[in-house]
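Consider the two complexes below, in which chain A is the common component and chain B and chain C are the respective partners.
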Partner chain A sequence: MPSALINVPARAKRGDVIEIKTLMSHIMETGYRHIASGEVVPRDIITSFTCRYNGTEIFRADLYPAIAANPFITFFTTVTESGKFEFEWIGDRGFSETASASILVE
Partner chain B sequence: MKIIGCIAILTAIAGTALAADIPQSERRSGTSFMSPDTRAMQDEDTANPGMLWVLDGEALWRRKAGVADKACADCHTDARVSMKGVAAHYPAFEKAFGKPVDLEQRINLCRTNHQQATPLAYESHELLALAAYVARQSRGMPIETGDDPEIAPFVEQGRELFMQRQGQLNLGCANCHDDNWDKKLAGSAITQAHPTGYPLYRLEWQSLGSLQRRLRACITGIRAQPYDYGSPELVALELYLMSRARGMAIETPAVRP
Partner chain C sequence: MAVTRRLTRRDVVRGAAVVAAATLACPAFAQSAARVAVIGGGFGGAACARALRRLDATLQVTLIEPNTTFTACPLSNEVIAGLRELPQQTFTYDKVAADGIVVVAQAAKRVDAQARTIGFGDDTTLSYDRLVLAPGIELRFDALPGYDEAASAQMPHAWKAGEQTMLLRRQLEAMDDGGLVVIAVPAAPLRCPPAPYERASLIAHYLKARKPRSKVLVLDAKDTYSQQKLFENAWKELYPGMIERVALSQGGRVTSVNPATNEIVTDFGNYTAAVANVIPPQKAGRIAEIAGAADHTGWCPIDPVSFASKLVPNVYVIGDACIAGGIPKSASAASAQGKACAAAIVNALAGKAPDTPRLDGACYNTVAPGYAFSLKGIYQPKQDQYAESEVTTSPVEASREVRQREAEQALEWFKTITGDAFG
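Up next, the complex of A and B:
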């Protein structure tokens, strides 16, 4: 049961720079580990993260096997208008999760 | 008389050479040994990965399970009220068994007796999630484990295990955590072994883990044979450590390096 923790300020002034913090539950199995019998544990990671602000992409990151479990991604953006931030995580084995948060701009 | 005097002096010297308890005023949570970055991660609920387990625990709390088709919430209703302060008393004495049980064992007793469901495996995601969710309700409250008179012999058993040297390195827990907690071991802080934040998220594990997992890792570190999950020895150790941390605040879900 994947779950995400999102931290976006509920309100801000137009032109403010805000920090957005996201945490997604994921094992981030590297694909380099072996089990006792010698078989490789298949890679299972998040490969891509995107954030859209009222439909426009404002942040994107590619993720690789060296990134720890439960990736914590934070970034900054300038607020322009009230609306919605939409987050999307895509990964191996058909992993696809979304979350969203609203902001009120005064 | 002279001989008796000598014995008294020798005993006094031996006494000081043995592990001394950490004075109350010098007790510190593992948090105070961490870097500011790790502390910031613990202190903010949207940055603390342990909260992922708490969220899952909240969902499990309301999910029906077992032959009885009951959820935790069906008996205990709102955990924020009913579970407040509960974890601060664990491990606690279980009259039916005449011995202490820890929080994970209590959850499994509830599952088998009241939900008529199969017990959850140690370190399984579900058991950690439920334990984290229950213990989270006591965050900030002082630990009160060990004040039950019936439990005293088990606290003493735990204390003996804590002091006892074992393994190929011939070390007892106290040799590091009582005698050398102000020093470092291979660059890592040696902490005082106050289990204030379990189950906790260990960056090294990249996961949440129980106090029993931590104890087993430490026992493996001194190259001794770790006790099995759920063994009376591990519960006694948990009990002693929690009673030793009495009065300190619960931090679940804590983050540790």
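Up next, the complex of A and C:
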């Protein structure tokens, strides 16, 4: 099972507004829960999500403990040229995942 | 709300006093003349109507149900797989009527909670002292883009037993070997939460024997579900490689469908089905909304002790339509709620407080002939909601004899619950 799911249209017309969908499998442990013996379950969340388009950052989100497990992030952008979207998720405990998708702009 | 209800009950008494001309004796008079109407003749409504008559034979009980026969959902997944026939699922209201219940074969179109009347299509009305709404579910044909009532003729939901059940069966029978059967499962709450997985199992059973190169794909808007481990083990054991499930966190939520092409679209994928079983999101049956008993969620908030609507005085809601906390929406729950609600109404008419109910629920899942498991629960009001006080699920590791016994128990359970309501 892939940990990252992304949905980027394979092709679009120049100037089109496209929807990008992403989903990262992650526990998003808040750091506020306790186990039976009273110890705190350490925080383990994704802290940032970034999308770059041909190397330029076009979207960024900071994530906090209130965000549910498996964060689903979707956003819109305007396409101007063919290229590559690169996605990056960074989090606690050295969490780091990347994914990418290309789009053909006609 | 409690204040409103108390005042209304006093009004009933006052109305009776005019005739009886005795203040202390009149609650008894009001009770003997009480008219209770039940809208909806499913497991909840029928069990409630009969329990009302059993508890107080003087009650005038009317059951309002437009269909002259009832087709039961439990075991209907076996009809889809060709293991049972629809007539075995079908019951009449003859025995209900024989209990002295007036069965009105019309659809209730309006409820006037102030006048306490029910309106029918032909402009006649029926007055009540207490009204029980047991309308079951309404499929939301506006919730999933592409899926409306017309689409269900191509992509059956089979979520109300009857013609839809047979349509899905015929589509499976007509499908070529190697076809992909897709089951689209909505997010909770839904009627009979484990039923999509029972259905996947029994369809795989049919395919394994008749069309072994075919597959079942479950696209699910949920991550976890009831008795999941039991289903997953059964699939490995009985149908290896035949059933695939895409959970919510794997992108399984269906976002649109196209009945013209049998295409099913999720957030992250497109699937073309040979047979598409699309189970849409649901809400309480339409009359609940018309009566004003449903809230913004589409379901009906109730007082868990009496099943009295929190929104409409003198109205009670039972079965799939009500918000019952930890109780799954099932035939078993509806039947238990119907009986408890009947007791609460009889108490209320006598001016007594309702007893705190303790509801038993059972839910059997048959994954192959002679192979079943179950979840049995006891539910009680806790604060303002129903909570599980005891839940027993079949063991994950068990012999085939245990599964066989549960399959036999499932049939016994069906006989009992349909007997309670219709026998």
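Here is the rule we use: the second predicted complex is superposed on the first by the 104 of 106 C-alpha atoms of A that agree within 3 Å, B and C clash if a C-alpha of one lies under 4 Å from a C-alpha of the other, contacts with A are read in each partner's own complex, and residues count from 1 in each chain.
One rule holds in what follows: contacts are C-beta pairs under 8 Å (C-beta built on N, C-alpha and C of every residue); 3 or more make two chains touch, one makes a residue touch a chain.
Everything numeric in this text was worked out from a predicted model, so none of it was measured.
Engineer: Which of the two partners, first being chain B and second being chain C, lies in contact with A:76: first, second, both, or neither?
Structural biologist: Once the two structures are laid over each other on A, A:76 reaches no partner at all.
Engineer: Applying the touch criterion given at the start, work out whether A:5 contacts chain B, chain C, both or neither, answering first, second, both or neither.
Structural biologist: Touch status of A:5: both partners.
Engineer: In the superposed arrangement, which partner chain does A:25 touch: chain B (first), chain C (second), both, or neither?
Structural biologist: It touches chain B and chain C both.
Engineer: Where does A:68 make contact in the superposed view: on chain B (first), on chain C (second), on both, or on neither?
Structural biologist: First partner only, chain B.
Engineer: Which positions of chain A sit in both the chain B and the chain C interface?
Structural biologist: On chain A, the overlap between the chain B and chain C contacts is residues 1, 5-7, 21, 23, 25, 69-70, 72.
Engineer: Can you name the residues of chain A that touch chain C in the complex?
Structural biologist: 1, 5-7, 21, 23, 25, 69-70, 72, 74
Engineer: Inside the complex, what are the residues of chain C that reach chain A?
Structural biologist: 223, 248-251, 267-268
Engineer: Over in the complex, which chain B residues touch chain A? Could you list them?
Structural biologist: Contacts found on chain B: 41, 44-47, 49, 51-52, 55-56, 59, 203, 206-207.
Engineer: Would you mind writing out the residues of chain A in touch with chain B in their complex?
Structural biologist: Counting only chain A, the residues touching chain B are 1, 3, 5-7, 21, 23, 25, 27-28, 68-70, 72.
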